[in-house]
Each structure stands twice: as structure tokens, then as C-alpha cells.
Amino acid sequence: MSSNILEIKNLKKYFPIKSGFFSKVSAYVKAVDGVSINIKKGEVLGLVGESGCGKTTLVNTVLNLIEPTEGEVIFDGKEMFTLNKKDLRDIRKYIQIVFQDPFWSLNPRMLVKDIIGEPLDVQAGMNSLEIVPKVEELLEMVGLPKEGVYKYPHEFSGGQRQRIAIARALALMPKLVVLDEPTSSIDVLSQAQILDLLGKLKEKFDLTYILISHDLSVVSYMSDKIAVMYLGKIVEYGDSRKIFENPKHPYTQALFAAIPDINTERIEDIATLEGNVPSAINPPKGCRFHTRCPKAMDICSKDEPKLITLSDGRSAACHLMK
Amino acid sequence: MNQSQLIKSLKPKYKEFKVSLFLLKKNRLTKMALYGVVLLVLIAIIVPILLPSAQHIDQDANPQQKLLQPSLRHPFGTDELGRDVFKRVLLGTRISLQTALIAVGMALLIGVPLGAVAGYFGGFLDEIIMRFTDIFLGFPPLLLAIAIASFLGPNLRNAMLAIAISWWPWYTRIVRGQAVSLKERQFIKASKAIGSPPRKIIFKHIIPNCVAPVIVQASMDIGGVILTIAALSFLGLGAQAPAPEWGLMVSTSRNYFLNAWWYSVFPGLAIFFTVLVFNLLGDGLREILDPKTRKN
Amino acid sequence: MSERPYLHIKDLKINFVSYEGEKTVLNIDEIKINKGEAYGIIGESGTGKTVLALSILQLLEMPPGKIVSGQILLEGDDLLKKTQRQMQKEIRGKKISMIFQDPMSTLNPVFTVGEQMIKVIEENQKLDRKQAYKKAVEMINTVKLADAERVMNKYPHELSGGQRQRVIIALALSCGAEFIIADEPTRNLDVTIQAGILKLIKNLQRNLNVTVLFIANNPGLISATCDNAGVLYKGEIIEKGTTREILRNPQHPYTFTLLNAIPKNKDTKIDLSKVIPPNDGEEIKEGCIYYNRCLKKQESCKKQQKLLNVKDTHYVKCSLFREGVNNEQ
């Protein structure tokens, strides 16, 4: 028995592109192309990368919202895609998600009691007499007054809505929670409170998080491990502190250097990465990053670098690492 | 759910209602339309209680007093059998409203779930349902209703059925369009991640969020349906004599139009007024239910 | 006072009318922006940043918006006195251009980028089609979009978010705009793309002497691009001065809290005792706008607050500053 709560093994997800009247499959979008990650119980994994790098697809596969093309996802010792419908439904309650925009993630026509109560109704089969006290308890747990039970989402601020979404995710006592840009549409002060709340809840209920965020300061604040993705592949993976202090892969370096913070005094202090992310339909040969890499060599356009483990325990996929 | 819970969960709904009321008050035309609708509903409920039944009016009819001009005693004049047109127009309100409501209700009952299912599941099921609605939408609604009504046999109940059958595809279309965009929303995804079965997602998330456009369409359609019922009755495919149905009255009055204009004009005006009022209401509701207007 | 500033906002007060009554959404004492300067507005969502931008261009919807008082002087000319027609003819797109968060809504989806640019240039600069085409290509090159001629033939949806934002900037420049209002122009963009757009805007300001009003909720963006900045809270500028001063030596408790609430890294935990919950505390009608969230509030805060001089280049709207309370932070 390993202490890994989630093991992703060589996961691939290709979306077919249909063209023409007879819907012939002409090509594939390789959204996730051979990703392997292990997440230990109680760990926070930060998933970083530009849009279109496959983060969302990866997470949707883990959440079982889409079927992978190839590969395995082992949750708590069980291979998810071999389970029958009933077992799958059972396992679902252990994996929950908190979405980015708390405005769209809560049904505007439902009362808070029905929103947070939905998982209790669907999974635990509770009736409304049992649900209300439970919802009140959950609201207090995320720091909202229990009077909120009989309110509509629009009566709350962005930060409060995100708390409601967190309460819903935690209603079934999950083991793994996916946080998909949990603070990117709320203001900075609320963000600080939400991050604090997430940290406390994690300790209290022994949760494991997968955190997706484009805000690297949030990722650095929360994560134990980081996986940097580029065009469906992981380019660097390892301990969060080590990667933030000393990114090894040129893409990670470029990503970190592009972000201004309040200590950035001149525009010259931030670096740009030339060009756009190439299409995932026809990714570049060799290293997928070589078209934009400032350190590209001849070999980069020919051979694809493997993800190798470095001396300090992290891994990176780059020819420079040899 | 116990009583106190019920009361508490009704409170926020009441608050929403108050916002609607406020918006309604600001919009004068809609307010007038609402008063019109309330007036019609009151007439439809009260008049049949106060007035003697239609048969009674028939028996009361005095052939000596046929086709009298409007007067104080007969504000809308009398018809060819000496019946009071005013009373018959008032009595006709219930028939028109009731039939229209039931017909639209049936169309909603068929159309809304089908649209939600088509939009939510997509793919093959969607294709089948939508191509099926396309077949229905290929005919002008009145023509289709005429065909169905004459096939089923001419009476009011069949006219109602005919209208429901020719009307549901419009709702299917609206709801499907909504459902397609709704299903990408995060709260639907969240519900899926919880493991909610499709049935629950459709009835708890998709349909309640389609309510606004459907209500708008339905209230405008009531006008259209009343018109269609009148048209069917006019053609002899709906209500049958001696029912005091507006369309039927207009139809019979044709023979006497040259010497008794009031006989056709007043039932005609009743149809016109009802249709207008419902259309205006629908238009106003569109604005009131628009989340953008509600925010401010 | 030496020179007349390029843009001068004086005592601007804007209310929103709703069914609950009137609410002040913007109440600005003074903002001065010099020609060729990049000025930043730091503010969270809902503080009136966008209202400010829209009111400069007179694009604010009225009602619900209502201008109670104030002036917006562009080179001495009061923009609020101009009619919509004058704004359209003389100001919008000619002198001032705005870059929105969502570039898709600014571009017309049914025309190619080239057609849209050529049309705008033809109309504004009275050039014939050939010259306009040349000019458009030139502008696309200015905003560093590779392969200008190909970009011209594309429809907006065929471009990426970053490319679209560049096209909008090119459009703004092609009409000869000398003042650009950028309202969170990089909000939905990836960080690498964001860096490019920031550099582009900065270069335009430096090389073409374009004046920029840069609005953002991330102080980091302002820090990298702007010389001077103001902090907006609930419609009021509560602190202003050089960007350096504000960010290094914040004097207002709100600015201080805001900067401290930004997560840094795993080993520096955010001190939540410095980030108190919103609207926790009593509401006051007059006095400091930050009162109900402030950790340092005192009786004197209930009085009307004025902008106080910290230095020649730094002002703060907090009476506690005089009493030296804020130095303990």
C-alpha cells in the first residue's frame, strides 16, 4: 500500500477533429500527451502552464468528466476507468472541484441550502430535514453565517460565493479537491482569506489539493509540489520551493521571469517569451518548446527530451539537463 | 420539509418578486398590460358565476329583439337570435383564456423537457429530436392546426390539442438553445462532478434556468393561441354553436355584417384587446426578467 | 504649479441611481496626468475603475449613472461639457482610445482585421485606400505582430487573445490617438503574453510620447509600467504619488493591507490579522471611506478626510498619517 492518493500513469487524451460532411476524423488535438504524476496524501500539487497546455483536460480526466484515450488514473488504490457505474459514483464523492468563477459555478436560481445540499441529496440520500442543519454546519465551517442557508448566491460577494463553493465541495468529506483557479476572479483581500481557509481546511480534514492557477504567487504560497506543463506534457516537476528558487527548464524560467510584482521597477525587468504556443494538433518535432526556447540547440528539434530525475529530486525534460 | 423551513425558503423568493414588482411599476405600458390581463382573468372567473349560463342566455333569447343596435339595455346590441352580445362576449372570455392556457400548457409540457433533453445530451438524440421539430416547424402553425383539427374532428377540445401539437416545437427550440449554453456552465459541471444523474441536472439546473425566456415566449403565445382558436372556430373547426366563442361569433356575424356591424365588431375587439394585452405583457416581462435590468 | 497637466480630473463625483436610491460610485478629488506619462490606477473590482475610464470618454450609461459635479479637463478643455456628437467627432478614437479587458468585444467579428483598420484610417486621416493599407501594415508592425500582411487578412476570431489586444492597440494608434486608457488589458491573458503587451504599451509611451492611463488590480503591473499612480477604494483616490513611493512606503492602511495580502511564497504566511473581513464593523455616513474595514480606526476618522501631503510626490487621504499612527505598520 503506497501513500499515494492519486497516481496518473502515462495519461493521454486526444480529441478527434472531424471534418467534412461524413465526419471523417482528420486529425487529433493532443491535449494531454503522456503525463505521469503521483500525488501523496495531504500534499498540494500546483499545476502551472499557459492556456491550452492541457491542465484543464488533465483535471477533467481525473474528475472523470471525460474518458482518457490511454493511460491509467489510480485513485486510492483503485483504477478508475475499469470501475463499473456504481463504484464510479461512489468514488466520485471523494474527488471534488472548486471552480474559478464563483458567479458561474453556483446555480443562480437555487438557494444556498439547495446548492450545498445537492451533494448530500445526490450522494448521501439525505432528506431536506437532515440537509438544512448539515448545510448550516458547513457554512459555519467556511466562515459564513448560517442565516445564509435561505439566500440566493447573488446576495453574496465574490469571496463569499467562493466560500459557498468550497462548502459544497467539502460536503461529502472528499479526499482530493481540485482547485481550478480558485481566487482568480476575487479581489486580493478576499483571496488572502480564501487561501487561509483552504490551508486550515486541509489540515483539519487531511485533504489533498490539486491547485491550478495562472497566478504563480498563489501557487508558490500553497503548493508542496509543482508540475509545469507545456503543450500536453510535463516539462518540470518537483518540490515547489526548489523550483521557485531555481527553475531549471527554460520554459519554467521564462514563465517566472514574465511576471511583474511590486518589486519590479522597470519594464526591462520582466522577460517576454517570443511567439505563440504552437498548435496541439501538430506539435513541433523534438522538444515541443524548441520553437520558442531561447536556449534551443540542434538536438532540440530532432530528439524529444525525456523527463529525467535530477540530483535534487526534481525532474525536468530538457536536453540541457544531461 | 417542515413548515418553518418552507416559510424561510419562500422568503427570498418573495424578495425576488418584490424586485419584479418594482421594475413593473417603472414600466407603464407593462403595468397597463398587467392590469388588462388581471381584468380579463377576473372576467373569466366572475362573469360565469354572476351571469346565467350560456344556455340560459339562449333560452332568454327573444327572437323579437334580434339584431338590435347597441343601447343601454344591450351595450353591444343583440345577435340574430336576440341574445345579448355583451353578455356573450363576457362569457367568451373564459372559453378563450381557458383553452389558450391549456393549449400553451400542454405545448410547454411537451416542448420544454424535450428541448432540455436535446440540448443537454446532444449528439444523436439531439439530432433526432431537432429534426422532428423541424418537420413540425416546416408548416405554418395555423395550417398545421387546421389539418390536425379537421383530422381529429371539429370541437373545442380537439382544437386545443391541435394547437398544442403545432406549438410545442417552438419551446423545444428555445429551451434547447438555452440548454446548450447552460451545459457549459460551471455549476452544471460541478453537479456532474458530484455525481448527479442527468435527470436531476435537467430538472434542477437546466429547466429552472430556462424559465425566463420560456415565460416571455409563453405569455406572448397566449395571444397568438387565442387568435388561432378564434380562427379555428371561425372556420368551423373549433367551438361549435351555441358556445359563446369569439371566433365563432365573428363567423356567424358575417351574414349580418352589413346591417349589424356591432355583432362582428365587439367580439373582434375582444380578440384584439386580449391578444394585444398578452403581447404587451410578454414584451414587458422580457425586460423585467432580464438579469441585466435586475442588477441595477 | 508650473505646467498645465494633460488630463486633469477635478472634484469628480458620479452617482448610480437604483431602486434602493442613489449611491456614490466615484468621488475623486484630483488626478493630474502629464503629457507622455504613464499613470496607474490600482483598484480591486467594484471600486469604480471602469466607471472612471468610461466617464472620461463619456461612455457611461446614464441612467443609472449620473454626474453630480466635477470637471475632466483634457488640455484645459472640459470633456464633460462636450456633447456626445463632439466627443465622437473630436475625442473618441481621435485623441483618446480605450483598450478593454475583452478585445473580442471591440473588434467586429464579420470583418477582417485589415478591413477594419483600413476603414478607420480612411475615415480619420483622409487617405486613399492604398495609403491606408500601407499605414495599417505599418501600424501592425509597430505593435510587433509578425507577418503583418497575413494578419490583415484574418478575422478577429482567428487571432489569439494577445494578438487581438495588439490589433486593438494598432487601431488606436492608427487614428493618431495620443492618450490610451487601458482597462485591465491583460486580464484574461497568459503571463507570457501579458509581458509582451505590457512592454508594448510601455514602449509606445516612451517612444511615441503617448499618454497612458493604466488601470489594474494587480499592483505588480502598475509597478512595472507606471511612473505615478493612485489607489482607488470605493470610488475615492485614497493614496497617490509616485509608484515607487506608494508601493515601497504605503501610508494608507488600505494600501498597506492590500500589499500585504499578496501571497509571496510558502514560507511567508499572510498575516490575516492584517487582512480583516470586508464590512466588518459599523458603517459611517461621513468620514473615511475605509472606516468599517480599518484596523486602526479612531474617533477622528469619522470626520471628512482630506488628501494630506506626505512628500511632494506622495499624498494620502488619512488623517491618522498626521498623528504618526501609520508609521507603526
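Note that the chains take the letters A, B and C in the order they are written out, and that residue 1 is the start of every chain.
Following the convention adopted for this analysis, contacts are C-beta pairs under 8 Å (C-beta built on N, C-alpha and C of every residue); 3 or more make two chains touch, one makes a residue touch a chain.
Not measured: the values here are computed from a predicted model.
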Compared with subunit A, which chain's mean CA position is the farthest off?
B
Please tell me whether A-C or A-B has the greater number of C-beta pairs in contact.
A-C
Cα centre of subunit B to Cα centre of subunit C, whole Å, reads 50
Can you give the whole-Å distance between the Cα centres of subunit A and subunit C?
31
If you average the CA atoms of subunit A and of subunit B, how many Å lie between those two points?
49
Within the complex, which stretch of subunit C touches subunit A?
44-46, 160, 162-163, 190-196, 198-199, 202, 217, 219-221, 223-225, 244, 247, 257-259, 261-267, 270, 272, 275, 277-278
Subunit B partner, complex, touching residues on subunit A are 63-65, 89, 92-93, 95-97, 99-101, 104-111, 113-114, 118-119, 122-123, 128-129, 132, 149-152, 155, 165, 168, 172
In their shared complex, subunit C is touched by residues of subunit A numbered 50-51, 157-159, 186-193, 195-196, 214, 216-218, 220-223, 240-241, 244, 254-255, 258-267, 269-273, 276
Across the complex, what residues on subunit B touch subunit A?
1-2, 5, 8-9, 11-12, 16, 185-187, 189-197, 200, 204-205, 208-209, 211, 291
